[in-house]
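Please read through the structure below; I'll follow up with questions.
Residue numbering begins at 1 within each chain, and the chains themselves are lettered A, B and C in the order written.
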């Protein structure tokens, strides 16, 4: 007896070709309050298959709250959260996974001392044989892991090596490949490049693009506009729990994005203050007028 | 995985229930066939109620000390004494327990002096408080200098020497003395005593007394390493019983003899698997140490006149007198 | 500066162009073997064995080897599940007294109720599983270090062993159950000997090797084994990918209970009675056996076969010193050196394994 178990994530979605324009995940004016503290407010976001939606923001801007809502760790307290057009409210990450929403956390991804292939299948091991003798189908797991990693363009010498021996970027990539294999339709990447060097970041971005090209919707959380601009199709900037900018790639330049990230309107105010101080050269800083890229001003956000 | 686990647990529970329900009872041995007998108690004194503290250096779970305590309890019951028993193998803690007894204003204290120096200051406090103190079991050479009234115990060296002579009598040539607790002074004295009088060769073997399988295989190893050993001397009854298994495992012709007694050991003597045991009569030690405080308070007596210790051993138990002892040992009082 | 074009990064080149990433040269077989923690302890055990073969002539007898293996097996049967638990990232300090608790439970249940001894054996198994469940449940639910939780249960069991035995039997040791029904049968299972080529080998040796073989299979070839490595290696990651962390940890503690139960039964049926104060200090021998056997103190790495050699080294050194006729005062010092050596090897392994 051979069981083709891929765990509780559901079967591998070999065939995923939904129409490109219907969003998989959509937030409409969603928000989250912890007691009377509003961590997130009036956020609208859509994730389409085969597109990378970048969420940028400084520390404390509400990025992690946003991830927690989508990945099922927390529940939104206002607005709507739709998956495939249906309103949802996840109570555990498992429910999100079952809907094909997988999150790759920066440090939570792997067990360093375990071999690559065991990490790949951890929690969703393939087995064979009847119960008392049911055992891991090691051959098949290794072959599948190797195949899947190659599909993503990751080639490793030895799948038996502990995953801790891989570089940080490679580890992220294995985690991404894993999520893709286990039927993720939406991939949430939490600061995948934060702790990486330039070269490693490039490697990860390559696989983000690979995931996108395989038809996944990617939510790419970062505070690095350069990384975001390299792969992003849509950019949302969060500030103090609200959406400050929401723009298609065609509507915004890297420079504008950078300025928004660097502080946008606040920066202009700061420039004004600094100009009062002798010895500070403010000539090169952008003017306020330069920072007027299409800003998502919802009615609520304006109030 | 979950399901099978639960199923297994359920099966075990059901099985147990079934076993209990169908009365899977044993037809031999067991509690039912045990003869219940009450401890030695002959009447009760009418003297006023008094309180006595017995503070020993017992390590938890030692059969020997259990017998001491039973003796003390028997004396307390007879003399209308409220007995407070406490023990700690650590000398400092034992001294604290004595202090505790002083604070409770007891009428008398019976104490073991395993490490006499640690007890010196607290015993001086007892003397100041006017509380009479008796010694038992350990402290033969120091009880007098520490101001104790009297002392009940066995001179370990004397017992060891007597043991050695007995070995000479039965014609042993090469003995191994098994020490179950490395660094214990009393145990070392016993082995030294044996070595002193025994005319054959005496080896010392340390075993880990808290791990019986280890005791068994270590003695086996010793016996197979040195085939000339013809006598295993153990210093506690449970070790002796284990040693008999080692002897057969090693295919050795050695005999086993031991210090101290318990009821299983007496059976072994009756069955000839153990030659003899030297009993220091722990029951007697506990009994006398408490009873002496009663006598001192009510009649001013003290044994040994404050000069000589009262020796409770060595008393040999072998095939010739084992049956007499057996009845008492069955109750856990010998 | 305008970059309205398509995203700069495209997907990587078509796969299958190269077979390796070319980053690391193939490591030689020997280096790879040496990096395995159980190989280190295996070589250590062989060294100790050869050493005593030379130093202590009686060791050359087959019967001496049977005796050494017997001693090793009574440690090893508990060391194997303790090792699994350590790979799972937890400690159990209550295993040593747990052995005695189990033996006492069996003995007293059978004797006091005048039941067939098998009733006691099953009662003891339930008690041991319950202790394991309690330990695991406390660790998982409170998040306290297992060191503290099991230190607590170690002390509790020590007290309960004494107090209950005293309460029930009136003594601090249990009554002899050797004449009771089922005793001989149980003795065959737990404490008999086999004749192999004229040498009496204790049955515990077979059980020990069998349990180690099963544990190895479970560890390397089953889902559950994968989970053990994962919960010990990175509990949060394991939870994030859907490994049942609580189930895995609690069941590991219960497995230690099973090991303790087995050795408890062996002690009961080979010595007929149980002293309630025994077992203290043995828990550290189990743990050191697992550590010497290559299990990482911090969890996440190790094997079930390494601890077999770890326990063997303990048995070999303990008995070897006696066979050699040396002053046994040195035994503890020997153990200390072995332990330190093993920990150093572990450290080295972890560094090699995670070195880039």
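One rule holds in what follows: a residue touches a chain if its C-beta (ideal position, glycine included) is under 8 Å from a C-beta of that chain, and two chains touch if they have at least 3 such contacts.
Chain-to-protein mapping (UniProt): B = Simple sugar transport system substrate-binding protein.
Keep in mind it's a predicted model, so treat the numbers as computed, not measured.
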Chain contact topology (line, ring, star, complete or other): line
Farthest chain (mean CA position) relative to chain A: B
Distance between the centres, which are taken as Cα means, of chain C and chain B, whole angstrom: 34
Whole-Å gap between the CA centroids of chain A and chain B: 72
Approximate Å spacing (C-alpha centroids) for the pair chain A, chain C: 42
Numbers and ranges of chain A residues touching at least 2 other chains: none
Residues of chain C whose C-beta touches two or more other chains: 223
Numbers and ranges of chain B residues touching at least 2 other chains: none
Touching residues (chain side chain C, partner chain A) in the complex: 1-4, 7-13, 15-16, 18-21, 23-24, 26, 217, 221-223, 225-227, 229-230, 233-234, 236-238, 240-243, 296, 300-301, 350, 353-356
Chain C-touching residues of chain B, taken from the complex the two chains share: 1-2, 5, 9, 12-13, 15-16, 19-20, 24-34, 59-63, 65-66, 182, 205-206, 208-214, 216-218, 220-222, 224-226, 238, 241-242, 245, 249-251, 262, 264, 267, 332
In the complex, chain A residues that touch chain C: 7-9, 52, 93-94, 97, 105, 108-114, 118, 121-125, 127, 134-136, 138, 150-153, 155-158, 162, 164-167, 202, 205-210, 212-213, 229-233, 249-250, 253-255
Chain B contact footprint on chain C (complex, rising order): 56, 58, 61, 63-64, 67-68, 70-71, 74-75, 110-119, 122-123, 125-126, 129, 158, 161-162, 165-166, 170-173, 175-183, 200, 223-224, 244, 247, 251, 263, 266-267, 270-273, 275-282, 285, 315, 318-319, 322-325, 328-329, 331
